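Pasting a structure below so you can have a look.
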Amino acid sequence: MSAPQQCQRQAVSRYPVPPLEDLPEDIRGRILAVQEKSGFVPNVFLALAHRPDEFRAFFAYHDALMEKDGGLSKAEREMIVVATSGANNCHYCVVAHGAILRVRAKNPLIADQVAINHRKADITPRQRAMLDFAMKVALDARNIADEDFDALRAQGFSDEDIWDIAAIAAFFALSNRMANFTNMRPNDEFYLLGRLPKEKSK
Amino acid sequence: MSAPQQCQRQAVSRYPVPPLEDLPEDIRGRILAVQEKSGFVPNVFLALAHRPDEFRAFFAYHDALMEKDGGLSKAEREMIVVATSGANNCHYCVVAHGAILRVRAKNPLIADQVAINHRKADITPRQRAMLDFAMKVALDARNIADEDFDALRAQGFSDEDIWDIAAIAAFFALSNRMANFTNMRPNDEFYLLGRLPKEKSK
Amino acid sequence: MSAPQQCQRQAVSRYPVPPLEDLPEDIRGRILAVQEKSGFVPNVFLALAHRPDEFRAFFAYHDALMEKDGGLSKAEREMIVVATSGANNCHYCVVAHGAILRVRAKNPLIADQVAINHRKADITPRQRAMLDFAMKVALDARNIADEDFDALRAQGFSDEDIWDIAAIAAFFALSNRMANFTNMRPNDEFYLLGRLPKEKSK
Amino acid sequence: MSAPQQCQRQAVSRYPVPPLEDLPEDIRGRILAVQEKSGFVPNVFLALAHRPDEFRAFFAYHDALMEKDGGLSKAEREMIVVATSGANNCHYCVVAHGAILRVRAKNPLIADQVAINHRKADITPRQRAMLDFAMKVALDARNIADEDFDALRAQGFSDEDIWDIAAIAAFFALSNRMANFTNMRPNDEFYLLGRLPKEKSK
Amino acid sequence: MSAPQQCQRQAVSRYPVPPLEDLPEDIRGRILAVQEKSGFVPNVFLALAHRPDEFRAFFAYHDALMEKDGGLSKAEREMIVVATSGANNCHYCVVAHGAILRVRAKNPLIADQVAINHRKADITPRQRAMLDFAMKVALDARNIADEDFDALRAQGFSDEDIWDIAAIAAFFALSNRMANFTNMRPNDEFYLLGRLPKEKSK
Amino acid sequence: MSAPQQCQRQAVSRYPVPPLEDLPEDIRGRILAVQEKSGFVPNVFLALAHRPDEFRAFFAYHDALMEKDGGLSKAEREMIVVATSGANNCHYCVVAHGAILRVRAKNPLIADQVAINHRKADITPRQRAMLDFAMKVALDARNIADEDFDALRAQGFSDEDIWDIAAIAAFFALSNRMANFTNMRPNDEFYLLGRLPKEKSK
């Protein structure tokens, strides 16, 4: 082996990322808003802006599931994302939503635990049942049966909560595949977010 | 064994189907339009109407991928749906999109072939490459690599076509999971659609 | 991409199909009898006639399992074929036996349901247990245990019925592999058979 | 833990084994002939005699594949049985056909090697290609493609040889499932057969 | 196909085997001691001598698990090795430890039974539970849960016994991978060892 | 659902952790030394101290592989640990060795990348080949073949380097199973280690 190889720093996406000024008004507006709030633009916004119609549908779907009220806390919704994205080996979603989970749960350890093996995580039995079911939606939806609903109801989940769990796992089945297909790169900022004591939830 | 058992006719969905008159105006409008065009309301509209915001995002995403122009024909888009839904054992999507595929391809055999084993179907080498890649997105997206893009480009697909293939497979990864989770039942009408010589494409 | 590609219509078999007049008397007789009864010669007879001794053993085995009396109806036997052939992605067996199942069950929907996901089909709990076991024989016979027998007996199956279920699933493990290996093509006639109201069972 | 448990010596079959004198003439004749030749009755004859019609078809099929002439030696045919039966965790077939393989190959080591991992066995490159293909028929027949035929032809196999390889692997897909389903027990004699230098091939 | 191919007799290891006289004193001493006791040098000692420090750690670990006292008999420890090595398709470990198992259990049949399918072996219910758990450690350790401990305790295993079962399965997860990686060849002597009535346990 | 559930903070191990003062001299010494160097005692030392002989063999093996010189850098050795531990869903090893990898590579991002999907990580082609092979050892050692060695040699790895890659992956096959079996908990300190700019490598 002769000359040393360079580490290849992966790009934001396999596909071109459009300049902000070329984007439709609504999409640019959404991106500026998230930048204002977070201090940076998560790469998923840039990568998906390559296709404005899909961008709009994607984030409408995302918000319908992740920003709504209901029996699941926002941290629990992110747990579902992180656990199923780990099972799908999705680099973007584990790192980006891991950060959001740490912030929302105010817990610097939880995201790595849930991403690697939710069965070993510091969670409640109710959360364990929630994640077991989310993993079945992600990996084996063909076998979902009445017994799965019974197990969740026994933990106090309503049927609407169960829909939420399933729909989040199903939406990230889509999202994980798009991120793996485009080689979507998480922003460097996500890796450290929520790991330090002083940070505040947003 | 004593009294004979009854076959259980599965319902449209595990979840309640809202009456048409209770639905938001835009959703009721879309449902009436599809009924007008098809002669019946595909059950996916009824099952997802349980969640209006998700309904809107779902169909916006669907239309962005399935109704657009581009290098893939409409029949080819449906082939992707049918092949990946077969791999996911999704009863609703194989039957409903199988019907649409037969109608769009004007070919009464193609849907069953593609659903069961696309490697044995009467398709072109280009379509075979398209479906091989769609199956990788559906089942093994973590391993997508540059070589996959090379194989598709060698068959004449542009990078935008490749995005279409991947995005359709990814969207039905979501759709198949929702259908399997809700036990979504395909309308009886779909089973025969496109199988008889006289039918016309819509 | 320059000139349009042609769809490749698959042949009856990768191997030569012998002319009827060259076949041994008994095999030709069997083929003429099935043609007389069905109106066409199912391709499995033509493909396997390449090897007369195997042809004879194959159909003797088939008839011993599928034409006998016992606790399983003929439609139920075909359900086992269709469900396990779906799991093995066997184009010939799903299409051909799907047709026979529709005819025998006088039900135009049942074959597609059972082939795609028997857990979502309009069947009785007894048939569900039968198919669960058949799938275990097809896919995971190494783990068959006493508990599997108990579950079937609880649904009223005798031990001879259980042998029938297992033997049919095992025989089509052979049949599916031969069909996939030879690229056996189902006759076009099978796709529509049993889907129209007026057809009669044979 | 109180009283010591007894090792449970497994029976010949989960199903009753009929007494020789109750069997149809032809089946009894075949059993007596094999006993005369081998010195004992392999349990597969006793277990399958529970179903005379299936017994006849099974052994007719077996003989059509295993006793014929052609490009594969008898030892090579047994290699296919042992390798695929190992992959299916079939106790009966690995032990019984392992014995036959040792005798036919005059090699006391070959059966254990092929059953555990044929990629590490003392075999020729041609035999390696044969077993690779047989394993694909056993485990992944849905993906058999032209390239598989090319690889075998490159090792000198004719298309008729390739049929033999596939048909043997397919037949033992059936046989392994019946043996695992019935808990078929190999005779104690098989374990040692062909392991000692002085034994003669039969 | 022209000239006949030669069977390739696999070597002891892909890597060079150091001459005995070049080995460090302690390693040569251990090898001479095992030769004295067994009458031959098992190839694992020669293959691993390529790396003296790893050799020392490997056998220290092995002895800590396999030569200690406790609730598991020495034959039961070997059963764990043989069952998990079969699941990992490890030629060396199945053949070599199969021999040791036959000798220690004074049972010429048990090793082949456990290697092929422990669910069909002539073992006690306690041993069956032990091997079920060992297989879970070997193949699916991520899912080990409290229920697995309950099932073992119900068979009379202490928590220290359970550690032994798991640690042996885990150690051979290492050993099987090293043997498969180096193409480690079992000595011919192992194949027959413990199969003949007159042999004595060592 | 009535009273809120408590998150269960997992213990260091399912098994008792012995007090330092009860440990044998050499083990206590090793633990005190690591505490001196790292500022805390990694839980693997405490969990494995339950079994002193296995503790000694485990760390002797670990040091023989991880502390030696050779063609692999120390950071590359840790990459192998993190990638294969991710594939095995081993909470302890991903978190603890992820920290060591960040420190040794002086790269705060690399551990999460490699743990989730090494195919998307910022690494060199040589490191990519190294990890592809390590994953094959971890997940599919039975199929390792000459071609795997060729691919590594083409990247400049010597045969001794290849042994190192395989042996590290094999050793952590053991380690991951012990950690999953004992529910070994990573120290909270590991999660943040190596993520902040000012930290120094140790």
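Going in written order, the chains are labelled A, B, C, D, E and F, and every chain counts its residues from 1.
As a working rule, contacts are C-beta pairs under 8 Å (C-beta built on N, C-alpha and C of every residue); 3 or more make two chains touch, one makes a residue touch a chain.
Remember, it's a predicted structure, so these values are computed and weren't measured experimentally.
Any chain touching chain D that also touches chain E appears here: C, F.
Its C-alpha atoms fitted onto chain F, chain E is found rotated by 180°, rounded in steps of 5.
Comparing mean CA positions across the assembly, the chain most remote from chain C is F. A count of contacting C-beta pairs for A-F and for D-F identifies A-F as the more extensively joined pair.
Of all residue numbers that take part in the contact between chain A and chain B, over half occur on both sides, making this a same-residue interface. Centroid analysis (C-alpha atoms only) places B farthest from chain E.
Between the Cα centres of chain C and chain F there is a gap of 51 Å.
Between chain B and chain D the centroid-to-centroid distance comes to 44 Å (mean Cα coordinates, whole Å).
Residue positions of chain E with contacts to 2 or more other chains are 89-90, 117, 142, 180. Under the contact rule stated at the top, the pairs of chains that touch are A-B, A-C, A-E, A-F, B-C, B-D, B-F, C-D, C-E, D-E, D-F, E-F.
Residues 1, 5-10, 86, 89-91, 94-95, 108-109, 112-113, 115-117, 120-127, 155-156, 180, 183, 185, 188, 191-192, 195-196 of chain D are the ones touching chain E in the complex. By the touch rule above, chain E contacts chain C in their complex via residues 117, 119. Interface of chain C with chain D (complex): residues 14-15, 50-51, 53-54, 56-58, 60-61, 64-65, 68, 88-90, 137-138, 141-142, 144, 149, 159, 163, 166-167, 169-171, 173-178, 180-181. In the complex of the two chains, the chain C residues touching chain E come out as 142-143, 145.
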